[in-house]
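Shared between the two complexes below is subunit A, which has subunit B as its partner in the first and subunit C in the second.
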Partner chain A sequence: MNRIWQSFVLETGAELLKAFRAPEFIFPTLGMPVAFYSLFAILLPGSSNNSAHLLATYGVFAVMGPAIFGFGISVANERDKGWLDLKLAAPSQGFSYIGAKVFSTLLFSSISLIIIYLVAGFGAGVELPQSTWAMMLVSHVLATFPFILIGLIIGFSCSGNAAIAISNVIFLALAALGGLWIPMMLFPQSMQTFAHFLPTFHLSEIALFILGASGERDIAYHLMIVGLMSIILLLLTTLAWSKQRSR
Partner chain B sequence: MIKYIFSIVSAVVIIMLITLVFILPTNRDSANADSENQQADNTSALTNTLLFKNIRLFDGTEFIENTNVLVKEGLIADISKSIDIQHLGDIRVIEGQNLTVLPGIIDAHTHSYGNALQDALRFGVTTHLDMFTNEMGLLESVQQRQNLQQTDKTDLFSSGTLATVDGGHGTQYGFAIDTIQNIDGVAAWVTRRKQAGADYIKLVYMPNQQYMPSLDKATALEVIKQGHLQGLKVLAHISSFSAAKDLIEGDIDGLVHIFADQVVTSDLLAMAAEKGVFIIPTLGVIASVNQQNRNSELLADERISGALSAAQKETLQVSFSHAASGFDFAIAKQNVSLFHQAGVTILAGSDAPNPGTAYGVSAYHEIILLTESGLTNAEALAAATGTTATQFSLEDRGVIAVGKRADMVVIEGDPSLDIDTIFNLKHVLKNGYQVQQDLPQSQQGVAIENPMLGDFETQDSLQPNEGFNWTQTHDGYANGNSTATITRVGNIGVDGSAALRVVSTVEAGFPYPWAGAAIGDFSPPISAADIAAYTHITFDVKGSKGNYRVMSFSATSANIPPSQNFDVSSQWQHIRLPLSGFKGLDHTQVSGFAFVAGPTLGEYEFVLDNVSLE
Partner chain C sequence: MDHSPPILIAKDLTKSYGKVAAIKGVNINLQGAGVFAILGQNGAGKTSLIKCALGLEKMSSGSLQIMGYQPGSLQAKRQIGVILQDSDLPDLLTVREQITLFASYYPKPFSVNQTIEMCELQAFADKRYKNLSGGQKRRAQFALAIVGNPQLIFLDEPTTGLDIEARRNLWAIIRQFANQGKTIVLTTHYLEEAENLADRIMIMNSGVIVADASPNDIKKQTTGSVIRCETQISKDVLQNIAGVSSVMNTGRYTEIRSDNVNQSLSEMLQLDPLLSDLTVAQPKLEDVFSTLSQGEQS
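Let's look at the complex of A and B:
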């Protein structure tokens, strides 16, 4: 156990060091959500009334980037270069390779969230009870997990170049169609129905529920769907993982 | 080294997350400040538990003399001739020889925009049944009306937008609405209303007239059918006997106007009674179309005038531009009387804020008009309370009975004998809390101290008065496509002084497009300015030729801004406009002025200097 922990700590440290040495990945990933949020919740006219609503949805958007891009592209690249094969041959455990990536992604998601929350609180004038701030923050951090799984599936099943393209498509589709950028009620009916198949929609609905945003929400339904989707994604991840190993 | 990165980064991020939760702004401070203010204002406003002792009660159906009503935590807890006061302890008591307690008034036909809900509540109209408004805030109002918290707003029920066709009635108000394209789209259209938070469906059926297109009969009947399939009541705007007949035959639930083009036939009376249709005649607005309104009486009535906001006064004063045919007030009253005698349910609705009506006060006026059309005083009051609640299935309101919401109005006098006493408003209770009936201070304008609104000599000159700023303005705020930029430039003004350069692009997209520069307070909460001390607005201008106008904005009304035109040429011109030229603007409630190009489309550039009041 101690040995696994040790290798996990070292792997995570290396992962973080790698990230710090390549700030050209970190800054855009962390900067884009907050830039979008500032645009829609502060700068555009008429935005002042829904800055809290948008925080709930942009919080989900903020954790998508590190998870999908951090995972999808970096795993695919490392696999392309044969690094993954080397890892599997090395005494370090498969768990610590994935674990380190999961953990460092959580840290980057958290940083992304911290920035966007600070902008919301001190720039957009969002005021919430402390418990609401805390619960929404927790829900947003946890929202990273489904995206990590999506990132892993991409990483395990695509080549490095394909991963970039596919990550982008999935990232943009999940964000736009899940109603993270523009409130869902402005969408036509068919798109609103389609959104129910996207984890982004349910995760943002959960955050909106915590926020107490206007509208009726069935929280149990959204939690159940998110749970179900996570299980399916986990199965797919395992499938992708074993498929690439057996290759 | 790598070992430490993990611990350090994890610790830093976790500490940041925890700190974040503690430093983010909470709204506790502002909530405290509010309640302290109210405490200072009026301690009675803080309790939602009180006793009405030895009062006359109208319970939503009938009068009961000399009884007691106990309100506990926002709900009606007890009604009885004898109440044991001993065990109630220290409780607020309203006791009066000649007081009558009524349920909060329900206005069954409104269009609730702007400050509608505040303006209505000050008059004891505690529920609005809106018949077409912007759907944006509806889901919020659904939540609002379910709680028992203290509020300064009337509860809102609404149809959302209305069922009409492109170019039909309802599309003329300058914002896009969801119209019905064909009969196959009706079911989905009804579903969209439900999702937007509509409580019922309203359709517009005006066939056989040349003014505007309308739903055809088959589509109108499909709206009724689909509304019913999806569990909603369907109401209709009609303006003629034949239209009413078509829809009553087609199982409409209610009409939101009485027709006044001809006297109803006995066949239709019998059918309406048999089908259980209800009618909201909106006699007040029909009187207004027929140029027979009594606004001057209402405006002069001291019991009312003190609580009227600038917007309420404005909508009461405005009249329809000309009498339209087919709206004969005498026939309207006769039809109401005939339907009522035939056993058809009549409900009170004002159609505020149409010309000649105002939120709140017109609901009372409608009750009086109903008594002039054959309803007894009790029936007319029930038409604005208990009967409306029954017809619209409003479970928690409209009557004074144990367990109902404590929305109540207390008046002085006996309305069973003299209906005019309903204007003697003594108290208004919403959710058991006393409502402030006077106009709040914030709606009274602050006098403008610096009449020089813009000489543009220094950066500070862009904010000449507290809360008054120069900004660009354009119809983008109303979903148009025009744009504008403003820049203070050093030496382009009169005599080489500094001035404001405005570059406007006026594009199609809004019925009256505009783009330019504005001075005022346009970011909510808007503080009104009082410019009554001044008579003119003057400024120097030059720039590209075209049509320009000065728009004036009210802090309290969301109506079309009163404007005056001016011309621009490449030479400096001194322009002086009388403030009285802004028709309908309340000079004590101004939020600002805009100097804009439009409505002719195109690119404009002009320079503005020495903008001043005198």
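Let's look at the complex of A and C:
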């Protein structure tokens, strides 16, 4: 048991070292969300009315990057280079490869969230009850999981180079069309309808519900859809995994 | 009498990818320490065989066991270390970090420092993998293969792409491990590598093992020279010429293996003064293959 634990700690450490030593991962995942939030919630004129609303949606944006890029690009790369095969041939515990990546991704998501929360609280003057901050943090951290599955599907089914392009397209499309950058009510009706097919829309609606943002929300509906989408993504992940194993 | 199970035993092993058969019924029995080379050209089925032994790919039929365990089981994996063909380690981790991580997978690993010493990595142990030279990278991979102190080490084309000095360097380290009682299975398409390093050579061609012998016995089959020419002399006549051991028609040309080139040639020129496009060469690996596969069939 001790040895398994030690191995998991080393595995997680290796994941964190790899991430912190890669500026091309650090800047987009930690820098971009807070930069966008500062622009839209603080710097643009008239933005101060929206700063709380945007905190809910940019929180979802903040956890997308570490999950989609961390899993999509890194798993695809490690498959390409035979590193995944080498691990599968070694007597490592199967869960520790994925487990360590999940753990380090959650850590990165949390760092990204804390940076945005600090900017929101001190820079944009967002004031919320402590319990609301806490609930929102929980919902944002949990929102990482569907994106981890999306990242894994990309990682298991694409080559390293394709994964970079596809991860970026999916990342930007989910963010823009799911209403993470600009509030959904400013979108034309057809795009608002389309957003119901995107996990980003439902996850940000859940965060907005916790925040008590204006407008009516059917929280049960959004939770159900997120649950359903996660199950479908999980099935697709196992499919992508077994497909790449049976080459 | 030693009753422990063989290090690796394969019986009638086959592996197909769709309609393409990569391994067509292979039998192997490896006992004890030493370097066992599987020699063959690209596409001969060497890598498929290794991947089946590692449990990375499912065999289509037949059986294979590692020290009595199923390939891919935790017990089997603990007995195995490996360098995979064309594989790389994470660029941003240092050699020492990677060795430390891999050591944690095994029940009784060598210490990290011991591993670094044995593989002669001291000079670059704290460098990131991406900053290493080709030869250093392969030695780092070798360190991951041995850090768990496994009995069986698979090296799938470990020296491909290395310069001669880096290659010799790795050979010395590999040889050292065999002398310490380890079993090393090495695939290569360099005849020279197998000759220098192996205690036993298995030659694989089109998914079949066509020869399984010591380097000396294999060499005996590669002695002599290959005469290649365009000639009217019939195969039957050629086979009776002094020194000729085998004759093969390759389209326009005829290839004659001879242990006595001078005598064979003078007789041939007497029989066919118009003989043309004549070359004489040392046998290549391909010639060994063709001789051996012919031998299998007859």
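Note that in this section the second predicted complex is superposed on the first by the 239 of 247 C-alpha atoms of A that agree within 3 Å, B and C clash if a C-alpha of one lies under 4 Å from a C-alpha of the other, contacts with A are read in each partner's own complex, and residues count from 1 in each chain.
Throughout what follows, a contact is a pair of C-beta atoms (placed from the backbone, for glycine too) under 8 Å apart; a residue touches a chain by one contact, two chains touch by 3 or more.
This is a predicted model, so every value here is computed, not measured.
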Which of subunit B and subunit C A:189 touches, first, second, both or neither: first
Contacts of A:22 with subunit B and subunit C, given as first, second, both or neither: second
Partner chain in contact with A:12 - subunit B first, subunit C second, else both or neither: first
First, second, both or neither for A:227, with subunit B first and subunit C second: neither
Between subunit B and subunit C, more extensive residue contact with subunit A: B
Partner chain(s) touched by A:85 [first = subunit B, second = subunit C, both, neither]: second
Which of subunit B and subunit C A:137 touches, first, second, both or neither: first
Partner chain(s) touched by A:3 [first = subunit B, second = subunit C, both, neither]: second
Contacts of A:122 with subunit B and subunit C, given as first, second, both or neither: first
Subunit C-contacting residues of subunit A that also contact subunit B: 10, 14, 17
Residue ranges of subunit A in contact with subunit C within the complex: 3, 6-7, 10-11, 14, 17-18, 21-22, 78, 81-83, 85-86, 88-92, 247
Residues of subunit A touching subunit B in the complex: 9-10, 12-14, 16-17, 45-46, 48, 103, 107, 110-111, 113-114, 117-118, 121-122, 125-130, 133-134, 137, 141, 185, 189, 192, 214-216
Residue ranges of subunit C touching subunit A (in the complex, touch as defined): 17, 54-56, 74, 77-78, 80, 82, 84-90, 92-93, 97-98, 100-102, 104-107, 128, 144, 148
Subunit B residues within the subunit A interface of the complex: 1-7, 9-10, 13, 16-17, 20-28, 30, 137, 139-140, 142-143, 188, 191-192, 195-197, 476-477, 523-524
